[in-house]
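The structure's right below; bear with me while I get my questions together.
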Amino acid sequence: MYFARRALLAVLAVLFLTLPATAQDKFITVASTTSTEQSGLFKHLLPAFTRASAIEVRVVAVGTGQAIKLGEKGDADVLLVHHKPSEEKFIAEGWGVKRLEVMYNDFVVVGPDSDPAKIKGITDVSAAFRKIAETKSTWASRGDASGTDLAEKEIWQALGIAVSKSGPEWYRELGQGMGPTLNTSAQLPAYTLSDRGTWISFKNRGPLQIVVEGDQKLFNQYGVMLVNPAKHPHVKVELGQQFIDWIVADAGQKTIADYKIEGQQLFFPNARKQGS
Amino acid sequence: MSEILSAFSIAFDLIVSLDRELIEIIRRTFLVSLSAVAIATLIGLPAGAVLAVVRFPGRRALVILINALMGLPPVVVGLVIYLVLSRSGPLGFMGLMFSPTAMIVAQCVLIVPIVTALSHQVLRELYEEYREQLCSFGATLPQMILTILWDGRRNLVTSVMAGFGRAVAEVGAVLIVGGNIAGVTRVMTTTIALETSKGDLALALALGMILVVTAIALNASAFLVGDAAPARQGG
Amino acid sequence: MPSLPLSLENVSLSIGGASLIEDVSLTLHHGPRTIILGANGAGKSLILRLSHGLLGPTRGSVRWGGAERLGPLRRRQAMVFQKPIMLRRSTRANAGYGLKIAGMPRSEREARVAQVLERVGLARLAERDARVLSGGEQQKLALARAWALDPEIMFLDEPTANLDPTATAAVEAIVNEIHAGGAKIVMTTQSLSQAKRLADEVIFVHRGRVAEQTPADEFFANPRSAEAAAFLKGELAW
């Protein structure tokens, strides 16, 4: 019995004494999207930045909508998200200092092997969406106001097809991140829109496969913004700016281009070409 | 089915290889939850004892309220704490958002009612048993409280462990206030949620198994320690 | 003797609408060993609780040495309950707990505890968990625990109910010793022979009322109330 007590004390001691093993003292908080985090890009990108700058980057990965909220509330120093209209609104309302384009990736439409809407191989995503609506094939929407979700909604809207959480019946809004949405789509099965990175690293595909890809409309631009210190004085302007400078400069851009899963490049740096 | 089987082998591999990242996460998980439990115990046990011993107007209503708070939905707690600790919130100046401290606060809020309500139940019964004798000794309120806390300690282990179980298993609140930042606020449950959303069900399940096993080990040692405490059993 | 005389003045007690004690008046003085007699459920234990201040009267008042509030005086009283309450501790810790509450330093306490445990024959069981002691051992421990406090008034609620003849004799000897030490004894019993051996005065309780308070010799020879007379003959109707 004494042994048990000693053992427990020992375990607690080890737990607490070895605590400060990690944790840099210089760090910034970056609000970004689940797709970037889950694609594994950050694991590849951030250590390179930390080596160069001795600044730790803490990523909070949420949907674009929530990431922008975090910025507005001052809970992040830098935003790295992918929905241009929301980003521009963020800047216009004075929450962010300046938007710089960083890179793009692309979306793919995935769907069941059986392909009930017969859209496999179509290159025009709008036409594919229309056929899904016409055949009333099940569609799983993230419905979480993420960049992916907003991009999807824009395509429906451009087609004049009204979709929302209240229907039509074949349209299912899940209110979840990319991964859970893919998990659900594999079960239903259903068509859904995914960013390529999450799709490639996703392990539970079930009957799903890529049915539409390559359309210009499926390109997904990422922007980076510093949260405005005029609104939130505690924002780490200097460190955050260092991160932004690095990611749009050669070193960062090359690191992005180097990131591959199963031999495929997921993110295409395009910072210098576009500027702000 | 294949996922369940491969989960076992992944769990086994992770454990024997002493995966550094995993060990970090386990350690952080227990650090956060044990800190939350320690604080909740310091609040909950005395509060439970006071509720058991001291009669004051509104005591019954308070007991009912605390019992109800045992079922607080974690996401709601997470959201409220987020709004409070956010830079734009009343305690934003402390800069606690997305830190382990914020997770400890969230878990505390969730488990203080549990520890309080369960220990109140234990201590109430003990106090009913002891009341006349302690009154006869002329014990003061603090003396009564200390007596029932000490004599009830073995049963209180269960109350505290129930709190720990809830803390360590909780994901909704710590995800919101911790942000699941790799290497900073990523704990077992948020890792499991993340791996699930990546579709890596086998890895997620393996992590779940490790969490359950470590929690069982901790519970077992707590009970052994409780039994080893003084006042040896003679019979 | 600040706690004495102890007087109940027109005391009534009802719990949950049931009237359990009705209009009891009595006074306990320093000196005589008072034995409370009465049938099961007559109200003996309740009168002890009221006298020890564990219950407050619904009507009437209880005074200790003239004061209506017991306060710190309670530490100068001790009670042995009909059902002994054993703390979840060792026999030794139980015996010393009242002293600990009263703030006696550990060294003094240990000596006192060893002495009383020795006297009630529990020294050899000192380390045992009190809650595994036999019924009779628990009663002895409860007595030792109360005795350790060296009280001015000792309330004893059927302290020998579960004891073997030797132990009963030993407990009676201890009661007499406590009395000889200057304490007031207030005790209930169901044993008439024990009452005859110990009583200096008898209070007879019947259905929540005090039927009489009489010196012992007179009570056993010539009870004043009809109920007491019937009780002594073993003919008291329920």
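The first chain written gets the first letter, and so on, giving A, B and C; residue counts start at 1 in each chain.
The working rule: a residue touches a chain if its C-beta (ideal position, glycine included) is under 8 Å from a C-beta of that chain, and two chains touch if they have at least 3 such contacts.
Small disclaimer: the values here were computed from a predicted structure and weren't measured.
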> Drawing the touching chains as a network, do you get a line, a ring, a star, a complete graph or other?
Replying inline: line
> So which chain ends up in the middle if you average the CA atoms?
Replying inline: B
> Hey, how far is the Cα centre of chain A from the one of chain B, in Å?
Replying inline: 32
> Measuring from the mean C-alpha position of chain B to the mean C-alpha position of chain C, what distance in angstrom results?
Replying inline: 46
>> Quick check: how many Å separate the C-alpha centres of chain A and chain C?
In response: 78
>> Under the stated contact criterion, what part of chain C meets chain B in this complex?
In response: 49, 52-54, 72, 74-75, 77-79, 81, 85, 87-90, 93, 97-98, 101-102, 125, 127-129, 132, 149
>> List the residues on chain A that touch chain B in their complex, please.
In response: 1-2, 4-5, 7-8, 11-12, 15-16, 18-19, 21-23, 29, 34, 38, 42-43, 58-62, 72-75, 176-180, 182-183, 186, 198, 201-205, 232, 234
>> Looking at the complex, which residues from chain B come into contact with chain A?
In response: 24, 27, 30-31, 34, 86-89, 92, 95, 97-98, 179-184, 194, 196-202, 218, 221-222, 224-225, 227-228
> Quick one: in the complex, what on chain B touches chain C?
Replying inline: 129-130, 132-139, 143, 147, 151-152, 231-235
